[in-house]
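Each structure below is given as structure tokens.
Two complexes are shown next, each including subunit A; its partner changes from subunit B in the first to subunit C in the second.
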Partner chain A sequence: MIGETVISVLIVSSIGAALAAVLVVSEHFIANYGECKISINEERDLTVTGGGNLLSLLTTEKIFIPSACGGRGTCGLCKLKVLDGAGTILPTEEPYLSKEERAANVRLSCQIKVKNDLRIQIPKELLSIREYVTRCTKIEDLTHDIKLFRLQLVEPATMDYIPGQYVQLLTPAYDKSPLEVYRAYSIASDPADKGIIDLIIRLVPNGICTTYCFNYLKEGDEVKINGPYGEFRLSTTDAPVVFIAGGSGMAPIKCILHDMKNTGNRREGVYFFGANVVQEMFHLDLMRQFEAELPSFRFVPVVAKPAEGETWDGQTGLVTQAVQRGVKNGALCEAYLCGSPGMIDASIKVLQDLGVTNDRIFYDKFA
Partner chain B sequence: MNLSAEIQQSFIVFIAAIFTQNILLAYFLGLCPFIGVSREIKAAFGLGLAVIFVLTCTTLLNWVAYHYVLVPLHLEFFRFILFIIIIAAFVQFVEMAVERYSPFLYQQLGVFLPLITVNCAIFGAALFMVIREYTFIVTIGYALGSGLGWFLAIMAMAGIRQKLANDRIPRGLQGPGITLILAGLMALAFIGFAGVLQGR
Partner chain C sequence: MKQGPEVQQLDVSLRASTLVAGGFMGDDPRSVTEVIDTDAGELSRLGVTDKQLAARMKEITQKAAGAQGTWIEIGPDCEAQVDETRGATPCPWRHRGRYFKRVTTVRRKDSGRTVRWSDLNTHMIDAHGFFEGKGSMFRIEPAELVKMLL
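Entry: the complex of A and B
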């Protein structure tokens, strides 16, 4: 009986193995496209082994193209201009490309197989996306569940980013999670020092990355990040600015405020910072300093309901109510929001009522 | 059974597989790509052709593997695993070859091939041909008919959905909801063919 079982398992396994062998051999002869040259922006040539898709080949060459779905053709983020060598648009790409994009040779890089030499164009800012090795030099408690993590860049030693952008932090496999995962955090540091990346992180109960950062990461540890990513940034107009962000959503706003100070930006600005209790407030001194140093900037901290025994002389209530009271010239303003989806949706409603048009509301939603 | 009787039987099975025993509308196999890729006729056409091709080839391959490998070794109970391996390997191989040698075909069909590996209609057809004890010649008719039946069903569905695209469908029914209702109505319509061929 056991003998029969073993033999039958062996027979079926060997059929499977034979088929796999046929596939491997045929892949070697049929799917062997040799070496292909990818010319990027007419500036740089990569020589790669053909056969893989463009997105993953670029990733192995340390050129990071944003992609949320991991190359399955479902997010439509990994768009690139392919000028030569990609053939016609595939049915899998069609749903994600507009008429203008098709005319401009935009393609989904995860769907393009590299079978011959290619000429592609990658936006400059994406070329600066790469992996950075950093060292965590400071971990500071901001509130009971928010910490600031200071990362000193090691290799490369500086990062060119636009204030408002975010990086992805690599959480290595540890005993709560067997897989490496990436999580996105906005850069909160002063962009004057390109060698330091500060992240403001709130502990998410059972969050893989935040648990790692809060309970496992120690000062002096090595941390890998990649970036910078994101379109969230201050416009170049001179419209008055309304910032709304609570908790760790302060990160990109803080970075933008540092940058406004560094560049002598004279735009009128007001920052509404909401918290439930006084204990959850942080960086108040820094914001007061911005008020003093920026020509027309106001900081409006709002506490929903001070807890027993807390003294609070600022505004109380919901942050959206404070916005309603405090913004008088809505039709002229641009709004920049960062925080949870609920808070952003509520703020957008209030801003629309105040006359801020949709094309002037920019936000960075925590997903 | 002599050859001409077999061919006649094969033809009857072929017609039955298209209409009365349509693998999609009578057995509801291969429903996921049927709903996913039936939004427009062009894509449905490509997927439908790919299903005809893969279903016919793999069912015949599986017939040979079943009758010349599993039956002599008394390993019939292994057919599930073996059929799946053969289907997966065949699809991989075809995709590789098409991509290399025919960019045009790859453009039309190639992208749908990986979708088909996991299409239960393909696997279902292989199992039915065993359960119903079809001979090789009858299996040819059965496999071609099943593929063609699936093709017809998805083309009809894509046509209906293109017409529906601009209609006002209640929000809760949009997408898969209305598609499943349509599939049910089409299945009812196909039952109408049942009287044409009986007992096959």
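Entry: the complex of A and C
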């Protein structure tokens, strides 16, 4: 009886092992897609080894498509048109594609496995995006959970960007994350110095990239970034400007203010900067300097509720309440917002009530 | 207890740092099934279900989310704050949906004790009965949560 059982177990195990071997061998041959051609905008052909996802193969070829999730199919940013060769839309793509996008053959490049030749379209501006090797030359505490990271460009040595745009920072594999990931951060530096990229980064609890930047990255380390990306920028009109941004959302606004100063921009402007407590305020001196140097600029820092023992003689309450009190000519204004979805949504409502039309409200939402 | 291959794979994925730095299991040596079963037992002892807890967590997050990051009262003894950061995380159970990196903190006014959770925590408690492994950054002790919220 025992002998029969042992023999049965051995037979079943052998069959299982044989099937596993067949699977491994089949995988080797069947999943070998060989060389595939990716035709880009009918202008350029890439020859790649099939089997990888489109986003990572393009990245390997130094074509950078924005992606905030490192190709996990969770950010929905890496969209591009695939005219031929991608097959049907995957369930993982569905939540991120509108009806119009599906009709236009828009796909998430991270979800497309390259198994054959593809014909794709990439917006021209993305083709000019480059990878930059930089060196971190300064890490400065701005608040308990926000730091400024200064990156000196090494190769190439300068970057042309429009104030308001962002870059993607490559987080290398480290002991809290086995994979390289990219995360997007707005450029905060003075665009007059094209060799410096300042980033203002807030620590995200458990965040792969911010944990790396806060706990592992040291001054002197090499950092890779790519960019610039994004449509957030100051218009060329003369309309009065309302900036609203809190925390690390200050980054693109700061860059725009530097540029306004550099270019002698005389537009009327007001910047509402909100924080919970006084300790969360930063760059106050710099903002006061902008007030002195820009002819028609006001800085309005707002603290929700100063903590016990804190001294504060500025405005208190929600930043949106300060906007309600402070903007008298809404119908004439353009508004530029950067921050959390909650703050942006609340600000949009207030701005609409003040007469700012939707086509004059521009925002960079943290989502 | 023996684990099926799917559960083993889930266990590996929860310990890996592919979705969040440090993973979801902390330094807990137990399997994910043991963690879930033990916490379910604790909730049962307390006479509360994970759905009830998750519903209360969602309610508090929703109420506090309108306060733009400031503290608001959610009861006579408690206040709450919602903090939003950039991005979203998928569930490690690998189904559709992603959860914004939004952290709700509840603080008792008398003792100053706090408990916090992310939107993903709420979802994982609601849908999977998972409070994370001990030692993970967002591990929530069921008894502590019940004491604070209900």
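Rule of thumb we're sticking to: the second predicted complex is superposed on the first by the 241 of 367 C-alpha atoms of A that agree within 3 Å, B and C clash if a C-alpha of one lies under 4 Å from a C-alpha of the other, contacts with A are read in each partner's own complex, and residues count from 1 in each chain.
Following the convention adopted for this analysis, a contact is a pair of C-beta atoms (placed from the backbone, for glycine too) under 8 Å apart; a residue touches a chain by one contact, two chains touch by 3 or more.
For clarity, every value in this text was computed on a predicted model and none was experimentally measured.
Asks: With the two structures laid over each other on chain A, which partner does A:113 touch: subunit B (first), subunit C (second), both, or neither?
Replies: first
Asks: Let me test your reading of the model: by the given contact rule, A:91 touches which partner, first (subunit B), second (subunit C), both or neither?
Replies: both
Asks: Should A:340 be classified as contacting the first partner (subunit B), the second (subunit C), both, or neither?
Replies: So A:340 only meets subunit C here.
Asks: Given the touch rule stated above, what does A:331 touch, subunit B (first), subunit C (second), both, or neither?
Replies: A:331 contacts neither subunit B nor subunit C.
Asks: Look at A:192 in the shared chain and tell me whether it touches subunit B only, subunit C only, both, or neither; answer first, second, both or neither.
Replies: Touch status of A:192: no partner.
Asks: Please determine whether it is subunit B or subunit C that touches the greater number of subunit A residues.
Replies: C
Asks: Regarding the shared-chain residue A:154, is it in contact with subunit B (first), subunit C (second), both, or neither?
Replies: After superposition on chain A, A:154 lies in contact with neither partner.
Asks: Who does A:208 touch here: subunit B (first), subunit C (second), both, or neither?
Replies: So A:208 only meets subunit C here.
Asks: Determine where on subunit A the residues touched by subunit B overlap those touched by subunit C, and list them.
Replies: The overlap between the subunit B and subunit C interfaces on subunit A comprises residues 91-92.
Asks: What part of subunit C is in contact with subunit A in the complex they form?
Replies: 16-22, 65-71, 81-82, 84-90, 96-98, 100-101, 103, 118, 137-138
Asks: Which residues of subunit A touch subunit B once you look at their complex with the stated criterion?
Replies: 8, 11-12, 15-16, 19-20, 22-23, 26-27, 30-31, 87-88, 90-92, 113, 115
Asks: Taking the complex as given, what residues does subunit B use to touch subunit A?
Replies: Contact set of subunit B toward subunit A: 42-43, 46, 65, 69, 73, 75, 78, 81-82, 85-86, 89, 92-93, 96-97, 99-100, 103, 107, 111-112.
Asks: Which of the residues in subunit A come into contact with subunit C in the complex?
Replies: These residues of subunit A touch subunit C: 68-69, 72-75, 91-92, 94-95, 176-179, 183-184, 202, 204-208, 211-212, 246, 274, 276, 304-305, 318-320, 340-343, 346, 366-367.
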